[in-house]
Each structure stands twice: as structure tokens, then as C-alpha cells.
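Each structure below appears as C-alpha cells.
Heads up, the next two complexes both have chain A, just with different partners, chain B and then chain C.
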Partner chain A sequence: MEVAGNSAAGLADMTRRRYGVRRPRRETLAGIGFHVPMIVVLLAITVFPLIYSLKLSFESYSLVQTGMNGQGVGLANYSRLIHDPEFWNAMKLTLIFVFVGVSVELCLGLVIALLLQSIEGGRRIFVTLLMIPAVMTPLVIGLMYNFVFNAQFGLFTYIIQRLHLPLPQGLLGSKTWAFPTLIFTDIWEWTPFMALILLAGLQALPEEPFEAAQIDGATGWRTLRYVTLPMLKPILVVAVLFRAVDALKEFDKVYILTNGGPGSATDVIDLFTYRMSFVNWDMSYGSAVGMVLFCITLALAFVFVKVTTRTSTG
Partner chain B sequence: MSIRIKRRAWPCVATAALVAVVACPSYLAAGASAQTSAGAHPYAGVTLNFIGEETTQTDILKKLLPEFTKETGIKVNIEEAPYDTVVQKEILDFSTHKASYDVESMPYEYLGSYAENGYIQPIDSYLNSPKWTPASFDKSDIIPKLWMDASNWKGKFYGFPSESPVMMMFYRQDLFSNPAEKKAFMAKYHYPLAPAETLQQYSDIAQFFTRKQGQMLAGKILTHNFYGVATAAKRHIATFCEWLNYAWDYGGGIFDKQGNLINNSAENKEALTYWVGLTKYAPPGYTTYTWDEVTSAFQQGIVAEAITWGDTASAVEDPSQSKVAGEMGYADIPKASASGPLVAHYGGWSYVINRDSQNKDAAYLFMRWALSGNVQLQLAELGGLPARTSTFEDKALNAKFPYWKQELSSLRISTPRPRIPQFGAIASDLELGLSKALAHEESPSTALDNVQKAMEQTMKGALPVTYQ
Partner chain C sequence: MTMTSYVSLRRTRRRNHALTYAALAVLSIVILSPYFWLLETSFKTRVDAFAIPPKIFFHPTLSNYIVAFVDKGFLHNLCNSAIIAAGATAVALAVGVPSAYAFSRFRLRGGGLLLFWLLASRMMPAIVLVLPMFIVFARLGLVDSYPGVIIAHVTFDLPFVVWMMKGFFDAIPGELSDAALMDGCSYFAAFRRVALPLTAGGLAATSIFCLINSWNDFLYALVLTGRNTATLPVGVAGLLTPWGTYWGQIAAVGTVTTLPVLIFAFAVQKYLVRGLTGGAISGS
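And then the complex of A and B:
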């Protein structure tokens, strides 16, 4: 009540509600008028495809295969999905990709953010340089690493040979190393982004708790453990959720670098969905997989909203 | 019957008449063209939209286009994209009936799908009409097998071959003719070193030429490792393409004569075991190889032989980008046994007309022009692949391109992949199994059993395949 009561707009709002004063008709119409385009666009580009995709997932529909004309098949696509080992392999790989990738990005990002926070001169230059991987198109990063990891003339191959490292010459062609290599490229791409978010969070923290910790004689580590990290927690959670949702949709780099191989060693869920829909042209099965992915993303978004709401009100 | 027009309506009628006169000459002329031969400029002003794969062939076609526009007055916008994108754009355009493209170059494995769904226009009426296809066009000169495979579905022609790549064997002629290497090979294998005629010989040669940095090769000390064979083993359509040669060699394939699936037949298992064994002599990272990397391995001079696409020979023979230009030889794909049949996987594309196009006549004229003798000759001279026998037999071109003769002989005996509507899905199933076996993730036998299982699901309700 006191939040609304502090502003003039809030007071006017309260008065209207309490005494039943209605908004002028023109104002209401203008409000609707301003909202309608946004609602229509949202309906067209998000809600409609979603509902259409849900409908497709209960049908048998293909743009190229004859006999798949959109006839209803009930839960057949979902049943197929449950019994499809390639789907479960893709889900498993995606979850590992998200967990390992985002965890490493978070740790490295935090270290970089703390280092940047501690330096005075040249921070702007470092921040600008850090932006480079984050602003590059994932496709370009994929093509770049395709050269870097090339088994014959790649830079990485050269380093492996010079240092006599116990690694195979063609990392992307190795069933053991291809997936960790993909995670490495993701870490390279997104750690700077994580560092920048955390740096912004660190700079927004109040100074008083740090002064109090200093007066109490807290060491650097204890200050980090008991002051910085607890206060930074909401930012950390938001950064992790933001990256996790994004990493769930990993496609470009995998498509360019391995196309899911060798075998199914790097077949993440977005690539699997793409293959079902636009290579096999089984739009319905692709939609069913897409709906599962949507539910996972929705659950993460729910956590995201919960955390951000608690942060803003707390 | 007289029509009376009110005085007030005259300005409207006059304006409408003016607009009609300005806007309609092309339509009037088009109508007239059906009566006359398509000789003058009956389609002047028509703009055709074309999509094709991003290849040298399409680039050359683009260069030659002004000639077509000069001859017919028809403008052509050419859009180029990679394989997957071309297929996706075409299918989305067909299924939404937007007719964004009037004429397309399509990978022939989608012919069954496009034809069965009614996406593309049969051209028999044009082909059988002397008005549209004069005798001077000489249809019989287009390589019959190539044309049938690329463009004929269930007795109807849907277009003309737009690209004619075929797989064949590439080998390092300079190494094969080196006296020291010949002597060493004879001593080790007890038969002369020559381009492999059987798969056993192919494997022996691969083993023979696989050498470490510091060893001798053709009288020189190697500054890098050298490998016997390059092979495409990525989870990619390139692996599917190479596989069919080995499978056919051993008498296997995807379907038997009755149209039932035979992926896990004894012949296929033997073929895949052979191929997996061959990878011992391939460069590291071969599981990331498509046809591009095979080409690149030759260009870098690190491999002795490979079964790959004939249309990559021009890049291997280009001294500006290849270390082995002028040192290559080309031959038939080795057979499983000396008495077995020759095989060669054909991988062409076809020009087709969108059934929803409003410019079908102009689209046909464009296809006919692209297949005309003169254009085919120019195309070949600039590094493209023609579809006409006369172009392949041209003496000057044969002297210029050492791989030319082999292209024609491989095309004549070539076999197409299945052109069924489920092609994309069955290719995916096979690519996964082959990739697992070639990466040593599964044994050839397990991998092919799994492919069979997956393909049975994919082909559910569509077996046996009676036409492909």
C-alpha cells in the first residue's frame, strides 16, 4: 500500500478504485490502441506457432512424404519419442552441455569480473575486448573453430604437436573428444558475457558491508565468501538461468563443426529437432520434440521469473 | 450488339484502355508465341526467379545469362544457396504455393517427392512439340542414363540434368609411375603397382603408401605424414554417397530387387567391414571429412588415392590451389571381385519448373537454353559439367581436362540413389549408422542392424518400394 501511495499516479489509481471513478473513455481507448499492435505481433509470432506446433505434434504431417497429410495420430509421436534412444541421447548430451558449459562459464566469469573490479586503469579496454566473442555470430565462431581444430593444418593441431600433448590430432573427429571440444568453444564464446553481467552486478553492490567487513578484519577470501557472493546471489542466479536457457538451444556451432557426429557423440537436442523437421521432413515428430524442449525452457523461465521477482521486491 | 458508354464513363474507359495497351504487350506477344515459334522476343520483360546450389556450375550459368537475356528478353534472377538450404527453400515455396521461384535446380533424390506431391511441372508436352523443342536442340545428345535418372519419374520428364557429378577413383599418377615405388610394391605384394581394379588392390595400395614423416616417398624425404587413402566419414550426406559404392560393389545396397530393406545383409556387413578397415590408412580426423576435405587432402598432397566426386577434379587440377595439379590420374571405382560389375554413384541435379509458376513457358525456354549445345560447351570450357555426349567427346576439352574421359565412362555406367519421398529420412538413418561404425563407436554388424531397425520405422507402410 505504501509503495502505491507514494506516487501521484498510484494515488490517482487508488482514488479511482476506492471511489469508483472511471478512467475517461478516450484514455482507455488510447491505452488499448497502444497495446493492440504489440499483442497482435506477439500472438502472430509466438502464440500462434506454439499452438500450431502443439497441434502438429498430435498429427502425422510431412511436406515431402506422401501419406502424411496431417491425419490425427493421438500421442503416437510422444510415444515414439519415449522409445527413441537417439532422443534420450540428445537430451542427455544437452543437459551435460548446459551443466558443464554454464558452470565453467560462471566460475571463469566470476574470476574475470573480480579481477576487472579490482583494477582501476584500462578496465574499459578490457571490457571492450571481452565483448568481441559475445558479439560474434555463432556461425562465424563455428567456421573459425573448424579451421582451428582442423586435423592437418589447424592451430590447435599445431600446438598439440609442438607440445607433444596426449590428444588426438583431430579432436572433432574423436568420439571421446568431440563433445568436450564443443563445450570448450561455448565456454570461449560465453564466458566474457558472463563476466560482464557479474561485473555490472559487482559494481552495483553497496560499499558499506565491505567497509564493515574490513573493519572486522575479514580476509579477502572471507569477504568474498560471506559478503560478496551472498549479495551477488540474485545476479548469479539470473546470469545462470539466462545462459542455461540459451545453451539449451545450442545449434549453430554443432551444426558447423560436427553435425552431431562422430556417430551421435555431439547430437544435441536442437540439432536433433532440426534433423527431424527439416532433413527427414517429419514435421510432426519434430514438433513433439520441440514441445518437450519448450516445457523444459518454460520451467527454467518460471524459475527465472520467480528469482527476478523476489530480487526486485526483496 | 453495340455497347453504349455513358459520357461520364469515358475518362475511365480511356484510362483503362491506355493501361491495357501499356501493360499488355508481353501477354499479347506470349499468346502469339504459341502460334509462332519462340524465335523473336515473345517473352521480353518476363523475369524468372531461379534457385540452385552454390557451385561452380551455377556461377558459370550466371556469367552466361546475359546471352540468354539478349536472345529472349527474359531476365533471370539467380539465387544460390548450400544443398540443405536449397531443398528447404524449394519445399517451403512449393508447399505454400507462393511461386517465389519459377525454375529450380533440385537434387534428383527429391524427384519422387516433388513429383508425387505435384510440386513440379511435367515437360513432356514441351519436349514433344517441335515448336518448343526444335530438332536442332538434339535431345538424343543428352546422356540418356543421366537424363532418366535426374529428371524422369514414372515415365514423365520433369526437366533436364543441371549438374552431372559422378563418383570415380582419383589417384596420384606421379607416385604410381615412380620406378622405385613400383619396384617396392612388386616386392611386397607380388603384383605390379597400377590403379586398383579390385577393392583388395585398393586397400593394398592404401597400406603401401601410408608413411610417416621422415620416410621416403618417390625418392624424397617426407616432411609430413602421408596417407594411403582419403575417405568421407563425417555424419553427412557425403558418407552416405561414398557408402553406396562399397555396398553395390559387394552386391548390397538399401533395397533388394523386390524393394525390401537389406541394410543388414551379409553383403552390406562385408562392405562396411572392408570400409572400416580401410580407415587405418586415412588421415587423422577422417571422421570430419566430407567431399570438401577429401579434395583438400589431395590439394595438400597428403593422400595417394580416394573414391570421390568427379566434379572436384577441376579444383585438384588447379595449380593455383593444388600441389598435385597435373600429377593426378582417374579411373573406375575398383570392384569387389575381378568378375563383378562396375559401379559409380551418380549425384546429379535437375532443372525443374514450379507447378505454381506463372511463367512456365519462359522457364522451359530457360532450361532449353541451358541445355543447348553451345551453352553446354561454354559451361564445360569454364569448368562446369555438361550433360551432352558431344561436349564430353569434344577433342579440345578432352585435351584440356585429363578427367574428362573418365567422367563420361563413369556417367554411362552410373547408378542413382533411391529417389523416394522418404529419401531425407533414410539418408539420416544410414549416416548415423555409418558414422558410428567409422568412428569405431559400434561394430559394422551392430551399426547396420540398428540402421535396418531405424529404417523399418522410417519406411513403415511404404514397403516394398516398387519404384525408385
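And then the complex of A and C:
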């Protein structure tokens, strides 16, 4: 297991320096040639829309609403955003969603990975079963849980009734329980995959430290705490970052399960932005929120790169 | 170590093993039961689907599939999903693979920044890009057209292709293409005839992940497709209405939506960790 860096290009460079081969100008030109189509496409489909969105965020624009024809409004959309309790509610919910979801996924995933690591036969079967939720169409997962939590005939509703659990029948219609239920579906979807990442990490660890710990008479728990976890840390960090970025843009399951409700109890930020832009048709306000999300993404991508390059060279 | 303690140690170990297997088996059941229930419901009549307690044994019927795919036109959505996924994958590969090769083979000023931008594009929430795209496409008449949503899907497939394929190109020794160049190959021929065949497996895996990503997308398709181009996820979401919900048909379409994905995923199981983290973590 390795965390991606740009080691091969570095190696090629080193070889060249050692054998005194000068990098010909032709090679640089060829390199650019290979990149040109990609750069052009990337400019057209990511940079241009973002600049356009930035421009919109300083205007009052809607494709549908009258009186919003793109007149400049300065920073009005951003100041509205700062004072919008719905925006802050969405931000808060998203943070809770990411924090609680990813923490539980990490802990459970680690336990499952350790269990899988400890067995000898049949690991492949379990691994194959565990990958199913991660590749399933997220929207279908949402629909599936609509079945499971359905107030009349849902499987889970039936279990609640049989076990006389102190839970309401329609979990998704309850102000208190809708959001935890959504987090539960995310945990269901991503814990197995977290386990697979960590299993891959565990299998790549060297044997010697474990043998040394065993000789020193370390108990299983102490081995885990002082040998396994420290060695696994780079992969843990990358896995958590990766999942957090993904959970931040949760949309599909929430859209189909609760659509932000009841009230605004499950109104995560992507759903909020979608509603502003395509239900209220206030596209300039949607753009302003989008710009905030864009900045958050850039910051996270920066952290991601810092972390991965450090682990690949160190 | 005396014989008795050795035996008892082995016994505890065996017991622990049994417990581990039991735990993993329970876990698998918990994880898979909602999905099984979806599969089951797709073969149930309306009466069986609403039965309480839930029926495990029932008389299976194909009527949900027939009604959904023949009468309600979900076959059309299925085709749309396939066309869009194939289109986006083809474009992303055509544009992204040469660039991935160049990232791996040549040093380029600003290359780091470009890779960073690709990563950021991949991490970007769809809602950020789909809003300006919708306005531009509305003006160009690209809403509810294949090219529109294909372009949108390239925004996540292209960065994915570059990061994944860069990893595969990094793994082949640079001397091979150098030798090809010595023999008088052009740079493009060295890429086409030496590097590309050596990464055929990686290329296949990358294409499959692109297809899955595109097939699974909901938000871009929700905004940019319409009556003529709606994909399976968009179509099936429309069955969930306040005026009555066709659970059997939803289950049937849901089953058909997930089936190709699962089959493809089994094919690339080896690369799963790498593929689902966009090449960030390369599993063993």
C-alpha cells in the first residue's frame, strides 16, 4: 500500500541527472502536447463555470423570476448569506453529519478490518460482500431506506413494533429522529468501505514490529494501541479526509429520504443550495453559497495534498 | 510451555476464531438485509409488499418489471443511463489518458498546480458546478440533451482518469519508453505502442470506475436532463410521489439500476480501494 505521490517522475529525473542526459526541449514540448486537450477541457468545464458563478454571485439573477435580470448588487448576496439562519442551520447540520458519520464509520470500520485481518479462510467472501454498499447507486440506497423506514410496512418499523422500542413509527417524519436516521444510512453505506481501506492498510504493514511486540509479551490491546495504530496512521488520516470530503457533499440520500424535512431538520448544505437555486430559482444567491462551498473544497484539497505528499516521502 | 496450557491456548484461539466468524456473519447479514429486501419486494405483488409481518416466502411475479420497463418506459431511462455513461467515459479517457501519461513521464512547470486543480475539481460538490452549467446550457439549448449531461459528467470523470492512470503509468519502468524513443519512435508512438498496452488492465479498471461513477450520478442528471434524457436514478426518483408510491416498481427499477454496477464492481474488485478513493490510496 502506498499513498500516491509523484515518485516516478522524480525517479526519472534522478536517473537523468546521474547519467548526464540533458532534457531536450522537444521533450518539454511533447509533455505540453499531451496535456493540451486536458487543459482546454478543464478550462471549459470547471474554470469557466466557476468564474461565471462568481460573477453571478455579485448580481441579482434568475432564469425564472421577474425583476432579476442580472443587475449588479455588490456584496448583497454574501451579506444575506451571513445573516441567513437557514444557511447556518445547513452548515451546522452538515458539520454534524460529517463529524458523527465519519467518526462512527472510522471506529466500526477499524473493528471490522481487525476482525477480517485475524481470520484465515473466507476473507475474500466477506470482502466481496462488504463492497456492495459502497458501489451501489446512492439514490437507490435512499429509496431502499425509504422502504426500510416506511411508517406502514417498513422492515425497521416492524422490528421497532416487535421489540417495543421507544421510537416513533415513521422515523423519517420525526423532527428528532430524521437526522440521526440519515446519519445511520450514511454509516451503513460507508462503514464497510472504510473497513476495506483499513484492511488494505493492515495487510501492507511489516511483520517485524508485531513479532517484536509478541516477544516482549505485549497484550493484544497494547499491541493495537502502540504498534498497529501508529503504523496505520497515514492511511487513517487519508481515509478520514477522503470520507469527510465526500460526506460534505451529501445530497442524493437526503433528497430522496427527507428532502430536508421535517421543517429544516435535515437540510444539509448541498440540499439548501439546490433549493435556493432550483426551487426558489434565486440563482445568484445559490452562486454565492456555491462560492463558499468552492472555498471549503479548495482548503480541503490543499490539506489532502499536504498530507498525502508528506506520507509518501516520509 | 507445558502441554496442557498449549492445548488450552489453542482451544481459546479456536473459540475466538469461531466468535470472529460469527461476528462477521452477523455483520454481513445486517449489511445485506436491506438490499435483499429491495430485491424481494421487486418480485412481490402489491398485497405481498404491504403484508405485515413482512413475508419472506411468497409467490414471485415479474409484473413489476414488466410494468416499469415496458409500460412506463424505464427501458428508455436505462438506455439514457448507458449512453451518457459511455459518452462521458469515452471523452474522459480520450482527454485524460495522454495527460496522465505526461504527468508520469515528463516534468512540467506548473504540473503540481494542475494536479491540485484536478483533485479540487474531483472533490467539488456537484451543486457548485451544476448551477452555472444549467444557465449556460439553457442558453445554448443543451439542457435535456446528451452532450449537456455528458459534459457535466466529464467534470468528475476526467480528474478521476488522470489520477488513476497516472498511478498505473508510474508503475511501468520509464526505460521502456526511452528505449522506444531510441529506436526512433515518436513520443506519441512510445505512448501508444509501449505505455498504453502495458497499462491495459489499469485502463480497463479506470473505464469501469468511470462508467460506475457516471451511472450512479444523481444531482447533475437531476438538473440537466429532462423528459428525453432522464437517467435511471432520475426516473426512479419520480416514482416516489405524494399521490401514491409504486413500491414494487421502484424496487424493480432499483434492482436493475444496481445490478450492472455490482457486476462491474466484482470485475474490478482488485482495484476497488484505489478506484473509490480516486487513486489516492492504492490498495495491495
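Everything below uses one rule, namely that the second predicted complex is superposed on the first by the 286 of 314 C-alpha atoms of A that agree within 3 Å, B and C clash if a C-alpha of one lies under 4 Å from a C-alpha of the other, contacts with A are read in each partner's own complex, and residues count from 1 in each chain.
Convention: contacts are C-beta pairs under 8 Å (C-beta built on N, C-alpha and C of every residue); 3 or more make two chains touch, one makes a residue touch a chain.
Just so we're clear, the structure is a prediction, and the values are computed from it rather than from any experiment.
K.L.:
Looking at A:D282, would you say it contacts chain B, chain C, both, or neither? Reply first, second, both or neither.
P.N.:
Touch status of A:D282: first partner only.
K.L.:
Pick one for A:L63: touches chain B only (first), chain C only (second), both, or neither.
P.N.:
In the superposed model, A:L63 contacts both chain B and chain C.
K.L.:
With the two complexes superposed on chain A, say which partner A:T258 touches: chain B (first), chain C (second), both, or neither.
P.N.:
Once the two structures are laid over each other on A, A:T258 reaches chain B alone.
K.L.:
Is A:V305 contacted by the first partner chain B, the second partner chain C, both or neither?
P.N.:
After superposing on A, A:V305 lies in contact with chain C but is clear of chain B.
K.L.:
Mind telling me which of the two, chain B or chain C, contacts the most residues of chain A?
P.N.:
The partner making contact with more of chain A's residues is C.
K.L.:
One more residue to check, A:L172. First (chain B), second (chain C), both or neither?
P.N.:
A:L172 contacts chain B only, not chain C.
K.L.:
Both chain B and chain C contact which residues of chain A?
P.N.:
63, 152-153, 278
K.L.:
In their shared complex, at which residues does chain A touch chain B?
P.N.:
Checking each residue of chain A against chain B gives 63-67, 80, 86, 150-153, 168-170, 172-175, 258-265, 275, 278-282.
K.L.:
Show which residues of chain A lie in contact with chain C when the two form their complex.
P.N.:
The contact residues of chain A facing chain C are 1-4, 6-9, 11-13, 15, 23, 26-28, 30-35, 37-39, 41-42, 45-46, 49-50, 52-53, 56, 61, 63, 112, 115-116, 118-119, 122, 126-140, 143-148, 152-153, 155, 158, 162, 188, 192-193, 196-197, 200, 203-204, 235, 238-239, 242, 245, 248-249, 251-252, 255-256, 270, 273-274, 277-278, 283, 286-287, 290-291, 293-294, 297-298, 300-302, 304-305, 308.
K.L.:
Which chain B residues qualify as touching chain A in the complex?
P.N.:
Residues in contact with chain A: 84, 88, 91-92, 94-95, 110, 113-114, 116-117, 233-236, 283-289, 296-297, 300, 302, 421-422, 424-425, 427-428, 432, 435-436, 438-442, 457-458, 461-462.
K.L.:
How about chain C: which of its residues touch chain A in the complex?
P.N.:
So the residues of chain C touching chain A come out as 16-17, 20-21, 23-24, 27-28, 31-35, 37-38, 41, 49-54, 91, 94-96, 98-99, 101-108, 112, 114-121, 123-129, 131-136, 138, 151-152, 154-155, 158, 162-163, 166-167, 169-171, 174, 187-188, 191, 212, 215-216, 218-219, 222-223, 232-233, 236-237, 240, 247, 250-251, 254, 257-258, 261-262, 264-266, 269, 272-273, 276-277, 279-284.
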